[in-house]
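Got some structures for you, see below.
You will see subunit A twice below: alongside subunit B first, and alongside subunit C after that.
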Partner chain A sequence: MLEKRPQPSKMWSYATPLVAVIATMVFGGVLFALLGKNPVEAIGTIFWEPLFGEFAFYYRPQLLVKGAPLVLIAIGLSLGFRAGIWNIGAEGQYIMGAIFGAAAGLAFYPLEAWFIFPIMVMAGALGGWIWATIPAVLKVRFGTNEILVSLMLVYVAEQMLASVSLGLLKNPEGFGFPGSRNLQQYESAYNAELIAGSGMHWGVVTALIAVIFAYVLLNRHMLGFHIRLTGEAPRAARFAGVNPARLVLFCLGLSGALAGLAGMFEVSGPSGVVSIDFNVGYGFTAIIVAFLGRLHPVGILLAGGLMALTYIGGEIAQSQLGLPAAAIQVFQGMLLFFLLAFDLLTNYRIRAARSEVA
Partner chain B sequence: MDLGEINPVLLIASLMVAATPLLLAAIGELVVEKAGVLNLGVEGMMIVGAISGFAISVETGSPWLGFIAAAIGGAVLSLLFVLLTQVALANQVASGLALTLFGLGFSALMGQGYVGIKPPDMADIHIPVISDIPVIGPILFQHDPILYLGIALTAAVWATLKYTRVGLILRAVGENHDAAHALGYKVIKIRILAILFGGACAGLGGAYISLIRVPQWTEGMTAGVGWIALALVVFASWKPWRALLGAYLFGGITVLQLNLQAAGVAIPVEYLAMSPYIITILVLVILSADKSSAPASLGRTFHASH
Partner chain C sequence: MTTPLLSLQGLTKAYPGVVANDQVSFDIGEGEVHALLGENGAGKSTLVKMIYGLVKPDSGTMKLRGQVFAPPEPRAARADGIAMVFQHFSLFDALNVAENIALGMENPPPMGDLSARIREVSETYGLPLDPFRTVGDLSAGERQRVEIIRCLLQDPKLLIMDEPTSVLTPQEVEILFETLNKLRSEGTSILYISHKLEEIRTLCDHATILRLGKNVGECVPSETSARDMAEMMVGATLQTPERSGREFGKVALDVSGLSVHSPSEFGTALKNIHMTVRKGEVLGIGGVAGNGQDELLGVLSGEILTSADAIKFNGQPIGKLGPTARRKLGVLTAPEERLGHAAAPDMSLTENALLTGSVREGLVRSGFLKWSEATRFAEKIIKAFDVRTPGPENAARSLSGGNLQKFVIGREVLQNPDVLVVNQPTWGVDAAAAAAIRQAILDLAAEGTAVICISQDLDELMEISDSFAALNEGRLSAPRLTAVLTVDEIGLMMGGAHGMEVAHV
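So, the complex of A and B:
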């Protein structure tokens, strides 16, 4: 039977992500075998090829490109999740950040000037912030459930994206095809690699800064303490004078701004174009990253790297082994499952069953 | 623009079809939440139900077997939620999200061979004379059997919750699980059954989309209906008949915006397409003021440790 631990086990809280990854590899292998692929080869391709394979020089930079938005979004989400504030609409905030950022840049086209990119960064953060502040204000003012509102806004943002790619931001020289001008060909707006061939762009730098910022906030700052207190002991938090409304506005707003930044860095860099299929689900995968990283900044950094690895490895397995793209999605979902399941061991102890009257 | 082309009788009839997936999913989730469990995996269970039902009815040629498979598919996925929240005592919000993410991926994987296929048709019922009455006939007596099942299920859930002992126990578990436990009710067992029922209903709702409403299979075709169903439960203040009313309201908005798109109204298509989601938010805002009817133990983990 289960017995609640007086305090969560430190050892298990570090061990569960590893156990979950191993269990996912085993069951993922079974899944791949059922799909008629060699499981050892498939798992090897996903986890080994991008890092140490023949073409690793090409894939390693991709890890940063894919990992940065995941880490950036997950850091923001984790602050709210810790306080029991559930922003699950990061995908929408990511889209709005991209739209705002790209629009700000394209407004200056074809002017070349140093201040264009910083303005785009601010616009991107603003776009995400606005989109996340809507559920925050509604929650504070009317008590509306932020989970449902933030999620509904993802669908609204997707329609906005379709609308601007076909209308407002459409490339006037694009021969009628949907999608904006390519920001990669607009020097002042291009989020280029800082060191050629490294994959390191401003989004990666921002993600690293966000990790450090979140770490300092949670460990060295009163606001971070209030966030942790609200999550762990809401009643005590109220007695300690935590203002819940302010916390909701801060956590949702910040996570929105970070998701917006991620979208802006993506559209101005690796993607380059605002198009209908611009978003690829980073906002949802980041939820897995946040939990896999134990809602801890350093953990999220590692988890973001691992998840980026499954994305890139998944693409390699897709082209080399014909593994369906959806199989990788299932694989990532499985990871969250096992993580939540094994977390039982962090908070509870398994004891030999005593007989008792139920 | 020609609004005259919109036929009100057809509009109401198709509104009922559009509302049925929502209604089925919402009624299932309503029972789950009445038992004190918040399952945010409705979207995932719906999409798995959609592909299970689609695949089985294509393979067997029988839409009925398809719907049965969809209910089983939804219930099996909800079993994962049971394992996480009732056995492993994990956070319900996180587990529900996991269920949706996993369900979306899993359905895409299962549905690979089924894109672009037309499923077998489920014949609408036709009662001589009654079905042919003008206006009333097409609205009330010319639908597929599952639509009526949705309404019957609403009535059954309402009567069960209100008049039976089972309903009373379910509500007790949802209002105060410690008290229910002290009275000797098996809290976990009752919650597991409620979650499985919710999963089966969501599965049926999903299959209704892929077999009757659309009818074909595309990845992610539930497009947020599961989330709207969750909002609908709040809208309904956890009351079955209000869930029916809400589902018809949302069905009406969906159908109306599609009709306006077809009629070529001067509003861009994208803005019409986002209207159901915006209206969901507005409705949530209006109704959030009154939280008194929510089950008191909603979303809390039960562990008989004392």
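So, the complex of A and C:
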């Protein structure tokens, strides 16, 4: 039977992610074995190959490219989640950031100047911020549910993306194909690798800065304290002088801006093009990353890396071992499942139930 | 000697780090009102939970009328005739009385039969209650009646009552005692937990005193003085709060024409409240729970904003200022609900010290937190108010209610307020801690702080307040000097007419 601990266990709050990863490996192995694959080889391919395998020189940069947007978005989301403010629409804010950023850059085309990229960065953040501020304002003024509004705005953003890919931002020299000019071929707007072949672009740098910023905010700053307090005990937060409306605007706005930045760095770098299928679900996966990382900045950094690893490892396993894509998704789902399951041990302990009294 | 109804032998229950009950033995006779006395953390709740089947003892035996009694769960205990009225009610505001009672039953009869039985029981025992009223509209005393009737419908052999009078007006206490006496005369045994020693002296036949989990003594309350019982409980000689003769200064807080709606649906709106508190004065505000106490505290703390001029501090309008701005000026408050309002349960004591102490204690520099100084402030509170905890890094929820209350009050007192508003400062706190808290409040007043003490404990208000006013349905009576008031007058001021007639006993 379960017994509530008098206070959360420090040890378990650190141990659960590790235990969850191990449990996922064990049960994932069983799953792969049932599919007729060698479980050790499959797990090895997913976790080993991208880091230390023969083609690791190709996969390692990919880790940064895939991990950075996840971390950047998850950091923003985690601040809101800590305060009980649920932004589920990071995917839409990511799209809007990409559209705003690309549009700002393309507006200057073909001018080459140093200030174009910084303007694009600001425009990207602005786009995400606007998209997240809509649910924030509606919540503060009319008491709407930010979960629903932010989620619905994802679909609006997807329609906008389709619209600008086919219209406003369509490449005039693109022979009628949908999609914008390729920003990778526009030097002033290109978010190039800072060190060639490393995968390290400005988005990765920004993600690392965001991790540090969030860590300092949560642990050293009054605003971070108020965010945590609001999540733990909303009434005590009001008593402490927190203005809930302002906190909603701040948390949603910041998470939107960070998601917008992620979109902007993606469109001006690895993707290069605003196209109908530009978004691949980073905004939703980041929710998993945020929880996998215990809503803790450093945890999110590790979780983002782990998630990127399973993505890339999963692709390798698909192509090399012929594992079905669905099996990889189940594998990723297991990770979240076990994490939440073992999480129980942080606040509860298991005690052998005794039926008779001694 | 006849077999006792319930006999406890060597009951022991240990939790990690603390032995809650250590070899506790005593008997409850048939038709006896047995008092269980003890400080907070003395192990009363654990003991009662073992009898009610919520917790299993590590060792020791219980015998019910000579038969071995070891209920695996509350349902089994109820089947054997044990019923319990908890200190905190578990009722649904939006449902009516009969529906609430039906929810707690194994096989509820049809609503018509049930409400007829509720009427019957309520008339037999002099507890007037309409089965079709919505619980959200009932006073605390009436809610307690719902819980008592819920128990009586099971025809219990032993009724356990945990601090039943802490929310009642004097008149309601009288009605309750008539009921309990009637139950006793019918042969029902009652295990009565309370801090109010005078009540135990008038009501109980026998008392068992627990200290630090051990049975430290028994007495016949009617033959023992309240002071002796309290000293057995605490294990030390008790100080009564001292009040020095004080001169009141200028008006510190001036509330005039204050009316607000309650933010919650079943809350009480405040209607045209006027009051002034001078420096060094303690204004006691009595009244039954749910008559606007929470709202009044919210209005004074700045959680609920009003028109600017409704509240003035040293002549300056502060009605529109939020909690932080008011703290900066020196208006501090301590709400009733410890967990979740005055303190965040899962946060450490250091973080909870920061919760209200950040401004006045200088724990923040340009937005950045000074953790080491916050820890020092928490340690200072722990030391000054004898808060029993291993250290400031522990979560608030790991403290017992009384200890957390000392921490929460101490946090405000140590910030040298100009105006201090407390709501139920000693609710659920043991005698020694309550005396310490009251003394701290009086000391503060002696230094010139204007104090407003909202409480349902009339003895407390009589002890510490200079003037007394009562809240009734959101209206505040005109304050009167405490020294010349009688208990009957207070009861009338509290509008103590909640089913006043002791019905058809």
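One rule holds for everything that comes next: the second predicted complex is superposed on the first by the 353 of 358 C-alpha atoms of A that agree within 3 Å, B and C clash if a C-alpha of one lies under 4 Å from a C-alpha of the other, contacts with A are read in each partner's own complex, and residues count from 1 in each chain.
As a convention for this text, a contact is a pair of C-beta atoms (placed from the backbone, for glycine too) under 8 Å apart; a residue touches a chain by one contact, two chains touch by 3 or more.
Computed from a predicted model, the values in this text were never measured in an experiment.
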Touching partner for A:L183 - first (subunit B), second (subunit C), both, neither: neither
A:L336 touches, of subunit B and subunit C: first, second, both or neither? first
Contacts of A:I288 with subunit B and subunit C, given as first, second, both or neither: first
Which of subunit B and subunit C A:V273 touches, first, second, both or neither: neither
Partner chain in contact with A:G241 - subunit B first, subunit C second, else both or neither: second
Partner chain in contact with A:E232 - subunit B first, subunit C second, else both or neither: second
Subunit B versus subunit C as contact partner of A:H221, first or second or both or neither: second
Touched partner set for A:Y348, first subunit B, second subunit C, both or neither: first
Touch count on subunit A, higher of subunit B and subunit C: B
Footprint overlap on subunit A, comparing subunit B with subunit C: 358
For the subunit A and subunit B complex, residues of the former touching the latter: 2-4, 86, 88, 138, 142-145, 147-149, 151-156, 159-160, 162-163, 166-167, 284, 287-288, 291, 324-334, 336-337, 340-344, 347-348, 358
Footprint of subunit A on subunit C - complex, ascending: 16, 56-59, 61, 70, 72, 301-303, 322-325, 327, 333, 335, 337, 339-347, 351, 354-356, 358, 364, 367-369, 371, 394-395, 397-398
Of subunit A, residues touching subunit C in the complex: 6-8, 220-223, 225, 228-229, 232-233, 235-241, 243, 354-358
Subunit A-touching residues of subunit B, taken from the complex the two chains share: 40, 80, 83-84, 88-91, 93-95, 97-98, 101-106, 108-109, 112, 186, 219, 223-224, 227-228, 230-231, 234, 268, 270-271, 273-274, 277-278, 280-281, 284-285, 288-289, 291, 303-305
